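Before I ask anything, here is the structure I am working with.
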Amino acid sequence: MVEHARNSRLSRRSVLVTPAAVAGGAVLSGSASAPEKAGVVRQITLYAEPLPGDLYGYGLAPGEATIPGPLLEIYEGDTLEIELVNNTDKRLSIHAHGVDYDVNSDGSPLNDSFNEPGETRTYTWRSRKQVDIGGNRFLPGTAGYWHYHDHALGNDHGTIGIQKGLYGGLIVRRRGDLIPDRQFTVVFNEMLINNKKAPNTPMFEARQGERVEFVCIGHGNLPHTFHLHAHRWADTRTGMLTGANDPSPVIDNKNLDPGSSFGFQVLAGEGVGPGAWMYHCHVQMHSDQGMVGLFLVRNPDGSMPPGAQAAIDRFRQHHHVAAPQADHSNHHG
Amino acid sequence: MVEHARNSRLSRRSVLVTPAAVAGGAVLSGSASAPEKAGVVRQITLYAEPLPGDLYGYGLAPGEATIPGPLLEIYEGDTLEIELVNNTDKRLSIHAHGVDYDVNSDGSPLNDSFNEPGETRTYTWRSRKQVDIGGNRFLPGTAGYWHYHDHALGNDHGTIGIQKGLYGGLIVRRRGDLIPDRQFTVVFNEMLINNKKAPNTPMFEARQGERVEFVCIGHGNLPHTFHLHAHRWADTRTGMLTGANDPSPVIDNKNLDPGSSFGFQVLAGEGVGPGAWMYHCHVQMHSDQGMVGLFLVRNPDGSMPPGAQAAIDRFRQHHHVAAPQADHSNHHG
Amino acid sequence: MVEHARNSRLSRRSVLVTPAAVAGGAVLSGSASAPEKAGVVRQITLYAEPLPGDLYGYGLAPGEATIPGPLLEIYEGDTLEIELVNNTDKRLSIHAHGVDYDVNSDGSPLNDSFNEPGETRTYTWRSRKQVDIGGNRFLPGTAGYWHYHDHALGNDHGTIGIQKGLYGGLIVRRRGDLIPDRQFTVVFNEMLINNKKAPNTPMFEARQGERVEFVCIGHGNLPHTFHLHAHRWADTRTGMLTGANDPSPVIDNKNLDPGSSFGFQVLAGEGVGPGAWMYHCHVQMHSDQGMVGLFLVRNPDGSMPPGAQAAIDRFRQHHHVAAPQADHSNHHG
């Protein structure tokens, strides 16, 4: 009944590459008064691999590549050293948004920063805190909902690598930020979500009241808008407001255009109850052609709420009914 | 000379579904120290009807459907119960952005939430205030410039219903927010504004110095940018800044992509004087093909300022002169 | 080796039309406590001229037109009187975003505000500070990263004038804002940057640690996203944060759609070191077809950092390798 086991597993927790920090109660409790800690250096190995269907993915171990790749997460101040193993026969790389890197870790052929087929290469990403320079001015820190992607497969801009699945989410968290119970990465890539089309798009699952974090990333050539039913967020760094007078708009629909990313946390089903809630691109033709998925909010005890299974069945059986003018020649493939 | 009588009438005040609150002097005066009041429950009936030209609309009484539908407005904390009467021979629904609703009021076929032809069904929308959860964190409230639209006509995403006019604006106001003198809803829907093309797009009218509220909504398949001449606003929840150090950008051009909405208030003609000011999509081909209209700022006494009538005449007579490369085969239809 | 001499010269400083203010130490030092000064009136003359390749440009003297036109800059409160000399055989105008102007300075044919061929006409732009109206509400001032463009060549919306180069940046600075060492205007106009395609797009140059200001403007018919490698900024009025609790997102990729503009300051190479850093549209097909350029961060002494010349050579020689599916029929023209 509930598929996407691999996605579910991955979505429980990102690759929190600072486990020591997470183990600290202060951070886990999300206290804003967590003591400052010096940044740490974390090392991981990523494996770029071919996947069925002429696709590619990044994974944390050989044979475990996924689309999107693992959700990487560090704390502001940390450094992440990524040993990228290229287990494909193509030139490829990893390029990060948001973090600091020198030209050797740019991931661009421009800077001769890529892996030849079979090659292993280390990319180093650093992060830093905001800096008060006086006069009510702070140089921005690195905290944010970012992403990484290939920048070398097929051409100098990674166009083919991205198209075929070489991308993933990257969170740089500020110490004291709230830690979610569940994390979901949603990538709008051409007419697909995480390179899938409905009804095969991911079904994200949580229990009523759990703190859920969405990391949304845009790729490809088309403009999109991400919409989530029955939940909303502030258009800020965290998705929350910082005070009663915070001027930020609250939204439930946001542009997710190529290269952009944002994230937010919601309490699943808060104020609206459990159920099968749609998330989709609000460009009508895109949702009609399959850019839609389900956010299943279960009862607090994990059981299915009334009507949810019927909605899931409906989604799987009838989603394909789209606008008459739409071309669905390859929709049932 | 001044057409669009129906639009003018509608634009004076939205369907302020909490008249009791509005009658209170504190809210009308816009005082930030207005005493908190418990939310109220308001009931309205909306009628979905066919309109000439193979269009559809929502209205507050039989035979009064408009495109866009009535501008709905509540205060944060209020509940709105909408009895939707489907006076058409199509399946349709009403789906809201921004507010709380359970699966039965989702308005989506996924959740079996729609009106069969001839059916009446009640949709309940709730709203709530922001919640201080400590650590400089507030869960966002519902206040914002939102919208509603069909989610069931033609397919499971309301693609045809939206295309044919089933949409409108929804404001959730925070107590103490300033109340405008005039309100205008602007919907960029495919290549049309409120399903009209210039010179038949709405001419919004106000007197110099009046507080005017624009509610802007995007629909369809295309990206757009809303631009208003000679006026600007802050990219915040209200369009105003909250202090001398508010970091928000001030803008006069903003993406208005499918499913997105925003709003703002300006003082008509402030600093620039009365006149016929253009509002338009800044995508050149879109404005060339008719996504342009007029914001007529009259003199304080309501008379026409010098040159305004000439500008209106020019707009009506000559607007059709567009870029040579544009296709205007159906432009004079 | 380093080309684009004209661009380099222009980019050093914008046409700061309030030189007296700049000469004042308070402003140059960026002190937030700079004494308030009354706005001044500045007069400049702009010349619209034909340029080779069926293009047009604005310039500060006859024969000096450039694409983009000169970067204009005033302080909030100042007035700018522009005498526009039309040295072309086409009807054209200048229309500003963000500032105040009456109908005669609208720059639109709608308001009979344009220059006939050979005609000289004065356009007046005013600016003003934000106004505290109580209740934590401020009417926005004019400070921002704006732009100007033709609104009359070819049709009533300036579609042809914009397409052919009649556009430029406009900064309205708040007193106390930090003054940059270098300024660069980046205009995404259809599939071109500043009406150029790679490898002929501008190479922006700075020394490690210099304060660099980017002014980004979108034009034409297509949605774009501006991405800068190895640097990021806050999505605020200035690109900086205003405090430790400022909720604004920090980004390195932002929509740059027609009619929109934004700006930010970065310290060149801060935290990442010198080198040849890419800036590009992140719509893959757009970067593949030439919407990409270089931000060359030199060593502090102005010398070339290791690898930078090789990267520049690579960019010039190999940029043209694009996605297989892309059409490059006119790419080597």
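Annotations for the structure displayed:
All chains are identified by letter, namely A, B and C, in their written order; residue positions are counted from 1 within each chain.
Definition applied: a residue touches a chain if its C-beta (ideal position, glycine included) is under 8 Å from a C-beta of that chain, and two chains touch if they have at least 3 such contacts.
Note that the structure is predicted; figures quoted are calculated from it, not measured.
The angle of the rotation superposing chain A on chain C, based on CA atoms and rounded to the nearest 5, is 120 degrees.
Taking shared numbers over all numbers used, the chain B to chain C interface scores under half, which places it in the different class. Centroids built from CA atoms put chain C at 32 Å from chain B. Across the assembly, chain B contributes residues 136, 223, 234, 238, 241-243, 245-246, 248, 255 that each touch 2 or more other chains. Chain contact summary for the complex, chain A toward chain B: residues 30-33, 136, 176, 178, 223, 225, 227, 229-230, 232-234, 238-255, 267, 270-273, 275-278, 280, 282-288, 292, 307, 310-311, 314-315, 318-319, 321-324.
Taken together, the chain A residues at the contact with chain C in this complex read 97-98, 100-103, 106, 108-112, 126, 128, 130, 132, 134-144, 146, 154-160, 162-163, 218-221, 223, 234-238, 241-243, 245-246, 248, 255, 257-262.
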